[in-house]
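After this come two complexes, each holding subunit A, first together with subunit B and then together with subunit C.
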Partner chain A sequence: MIEAGAYAAAFKVNFKNMLAYKMDIVLDLSFTVLSSLIFIFVWAAVYYSSNTNVISGFSLNGIIAYYIVLAAISEVTGWPKIINNMEEDMKEGGIARFLIRPMNYTTQLLLESVPVDMVFFAFGSLPILIGVVALGHLNIQASAVLFFAVFMVIAYLMINIIGFIIGSMAIYLTSVWGVANAITWLFGLAGGSIVPLMFLPQSVANALMLTPFAFMYYIPDATLLGLIPAGAAVQSAFIGAFWVLVFALLASIIWNKAKRDINAVGG
Partner chain B sequence: MLFGRKKKIKTALGGVSFSVKKGEILAMLGRNGSGKSTLIKMMAGILRADGGSLTVLGLDPYKDRIRLAQQIGVVFGSTHPQLFWDLPPMDTFNYIKGMYGIPQSTFDRRLKYFIKMLSLEGVYTRQTRQLSLGERMKCEFVCSNLHAPTLVLMDEPTVGVDLPSRMAIAEAVVKLRNEMKTTFVITTHVVDDVANVDRIVMLDHGKLVFDGPQEKMRALFKKSVIVELYFNGKGHLGKYSKHGNVVMSREDYLKLEMEPDRVKQRWFIDMLNDEAVVDYRINEPSLGFMLNQMYKHIDKKGSHRGAEND
Partner chain C sequence: MLDRIRQYIVMFITSQRYMWLSFLIYRSQAIVWAVVWMFSTLASFISISVIYEVSSGIPGWSYYQMLALAALSNMVIGIVSYLIRPWDLIMLMRNGVFDQFLTKPYNTVALILSRSGAKASVGSIISALAMLIYALANQGNMSIQAVLVAVVLFALGAGALTMFVVFISVLSYVLFRSGNYIQWLINIAGTTSNYPLPIYSVAGIVLLTLGLPVGLATFYPAELMFLKIDYQLSIGIACISVILAFLFYKASMYLLRFYASGGG
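Take a look at the complex of A and B:
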């Protein structure tokens, strides 16, 4: 029986370890904001050159708010660290040092990545969201905040479970950088981080809203901006929870099969 | 092949059967690729065996990995360190305290014990990446023993480690065995590590080729002595090398293996009195020599049981 103290100890040491290089964190946080700024500049250029204030029902201010919120979301739903950690563990045999401890490998992976994500949420997402509200760019409803929180949890679980599935593939592929990169881009493209989904043809946007992609960026973002009514948000929450369960089941099947083929090279 | 790899199934271990007694220090020897590390990883529950049976402390290591991990410690040399590279070892020690639920007073007492035993004063509070390999390995040893495990598995713990640190770890192993009855299974290529062990198990190509105490290995070589001759210059090797098996030679140095009876013969006394021989030594074969001879013997006979049965 593993005591709560074991989890606390693992969390604490991983948290401390992450803070060893603070400049990296600052730069990483800044980069996410920077990439959103690039999109804002591109859209500003589109609006100014088209001599129109509204495109697909979006004003320039609306677009700016969308990408600012997107920056906040991306701080925690970006490239999951779990992929790099697992790839390294399989490639260099580092998994051995986890398997000698009286705790599940998956739990240890979570305890390694959650502190990082918490810091990114606390020092990236929250200040951005508070800032955008304080500057009066958002008129947020309490229900929207609640749904946003639910969708953030769904997105976080989904990206990490998908990351775990990709990481598990490292047992067979050794290097999963290419797969991870392709999937990250696919999520970006179909999930609304490059172009908001409402700019796509209605039928395509509606179809994408049912897929896991939309839960990564568009649905939480649009919910906070009040673009998704409460009824639709509830429906989306169920769809999102369904996808989380599907991916969790898939991850469990893949891991239970793959872990038998771990070879823990080196040494 | 440019776009693919041919896969070949290689049996890492087969025909290995032995048991380890409580409180025993067992050295597992063998060449690179002989299956030592694979066996250690199987014993730790990291790898799954395709067949056969393996029981560690009454548990199936793979199925009961978490339960087993609470009772064992593992040192993986410098390949898979437990220490967090960017933090002082003390942080890892504290992490282990929480992981195994070690009470604070017990933790303090054990830490003090290890720090004194391994001379780690002023070391464990410095960032791990600033420590020497020897210091790191001593701290790795502490990591694996802080929770007072019943069994400690050490996979090549002294590769590249300086002699004082190596000796300190070897002494700590014996001390823990004597005081705590801890069982140790150590894989190594360093002959010095084997000096204090109770028993040697030797693997080759995944098979057991020797199992017994050092005395048993010595008994295999009781028909040998090692004679070292130091000459006053070049040109003497040809004259004396015919008297035994040449183990090593330089221009002015010759190391021979020969039967013990030969050193009592007249020609041998004459050889030592030869003006060309400025110094000489007669010794029993060293452990390193014996191991090397066993490898050669295995290669020559092509039989993995050969050395044991001779």
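Take a look at the complex of A and C:
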């Protein structure tokens, strides 16, 4: 049984490594905020030309808040960093080195990717969230913050488990970047990162709310802004937890199969 | 002169053939990547359709005009990405493979444009072309002459944007030896130019025309296509494109002097 201190040490090293790339963090944050800013400009033009304060239940202030919160969420759920490490391990053969260590490979991956996400959350998401609440004079309920935290955990687990599934496929495919890009695009499109789901036809929006897509962006965002009432949020939390379990089961099956097919030569 | 041009065309075609063969070795991946590139056109189509479904849309632009503008945006990003992939270029410079570019009897920028692009971006070009044809067919009352001049304007704008990406890639290598952010910059440029420049205020218009010149290949050709600007102004825009392309080219050639061989 490996000591807890070893986990803590590995976590600390990876955390410090991540902090060494300050410019990357600043640029990533800037581009994420810029992406949201484009949609804010677009919707501002739409609202002004439509001579209306509310479109599909959203006021202009509401949509500005939506896209700013979206930037905060994207910092953590936009791309499963676990894929980068897994693909490199599989392609370069480093996987063999990791498998003989007295530490589970999944744990090692988490020790590498969680510090990265923590840095992006601390220096990216958190300031954005504090800023939008403080400057936007939003009336946010404590229950909304609590549910937002729950949905963020669900989204984080989901995107990383999906990343793990895609990463496991690197054993069979030489490169999984294409698949990973396709899936993250799909989550963005169907999850409300380009257009809030409320703007879609009611039947489509309702159907998407039951799928994993909505949990990546729309549900956490809309919950924080009070667009999803507490009763519906509880129901969504159960649906989200169900999807996490489904993906975890799938990941376990695929990894157990992939692990048997790993062949490392030389080193 | 003609012989030299012929040599360049042969070099470009040969390089493209090699790159296409390399790209198609992994066919399933090639298809996945081409589909991924199509997603950006799909995303533009969906977001514009939703905007026009729930509101009266962007002032001064009809639904089909907006689709045409977004199509030009996706097409130019596809073309630029087909010719240059900044991350690859900087990797070539970092690991010393770029040395080979300097020993060949061709212009270095021409070699860069023939050897470092993402072939999968044809997915974006094809899907954007389909969306453009759909938009123009439905728009009606089009002036063939305006469309033809807009095509020339688009080509010149695409040239200016391509030279900008070459310049920013080489500059980034000289300053940071890295350029991961350039792809993000291109993506942002693509999203921004899906919509008319005036929505980003005067500062946005200036920035996206002269700084990051994506508007030269998207907004102005679209404006001309729908006769929102006259031919005189479009000549001015064409001149700006040519001047910017030349300046970015010259600046890139100057910065390439700071390339330090990394061995390899």
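Quick notes
Note that in this section the second predicted complex is superposed on the first by the 262 of 267 C-alpha atoms of A that agree within 3 Å, B and C clash if a C-alpha of one lies under 4 Å from a C-alpha of the other, contacts with A are read in each partner's own complex, and residues count from 1 in each chain.
As a working rule, a contact is a pair of C-beta atoms (placed from the backbone, for glycine too) under 8 Å apart; a residue touches a chain by one contact, two chains touch by 3 or more.
This is a predicted model, so every value here is computed, not measured.
Once both complexes are superposed on subunit A, the partners subunit B and subunit C fit side by side without clashing.
After overlaying the two complexes on the shared chain, residue contacts for A:K16 are found with subunit B alone; subunit C is out of touch. Once the two complexes are laid over each other on the shared chain, residue contacts for A:V179 go to subunit C alone; subunit B is not touched. Residue contacts after overlaying the shared chain place A:L34 against subunit C, while subunit B stays out of touching range. After overlaying the two complexes on the shared chain, residue contacts for A:L250 are found with neither subunit B nor subunit C. When the two structures are aligned on the shared chain, A:A258 is found in touch with neither subunit B nor subunit C. In the superposition on chain A, A:D24 contacts subunit C only, with no contact to subunit B.
By the touch criterion defined above, A:R97 reaches subunit B but does not reach subunit C.
Of all C-alpha pairs linking subunit B and subunit C after the chain A fit, the shortest spans 5 Å. Those residues of subunit C that touch subunit A in the complex are listed here as 26, 28-29, 32-33, 35-36, 39, 42-43, 46-47, 50-51, 53-59, 120, 176, 180-181, 184-185, 187-188, 191-192, 195, 199-200, 204.
Listing the residues of subunit B that touch subunit A in their complex gives 37, 41, 44-48, 65-67, 69-70, 72-74, 76-77, 79-82, 84, 86-87, 91-92, 94-101, 155-156. Partner subunit B is touched in their complex by these residues of subunit A: 2-3, 5-6, 8-10, 12-13, 16-17, 20-21, 93-97, 99-104, 260, 262-264, 266-267. Across the complex, subunit C is touched by residues 23-24, 27-28, 31, 34-35, 38, 41-42, 44-50, 52, 55-56, 173-175, 178-179, 181-182, 185-186, 188-189, 194-195, 199-200 of subunit A.
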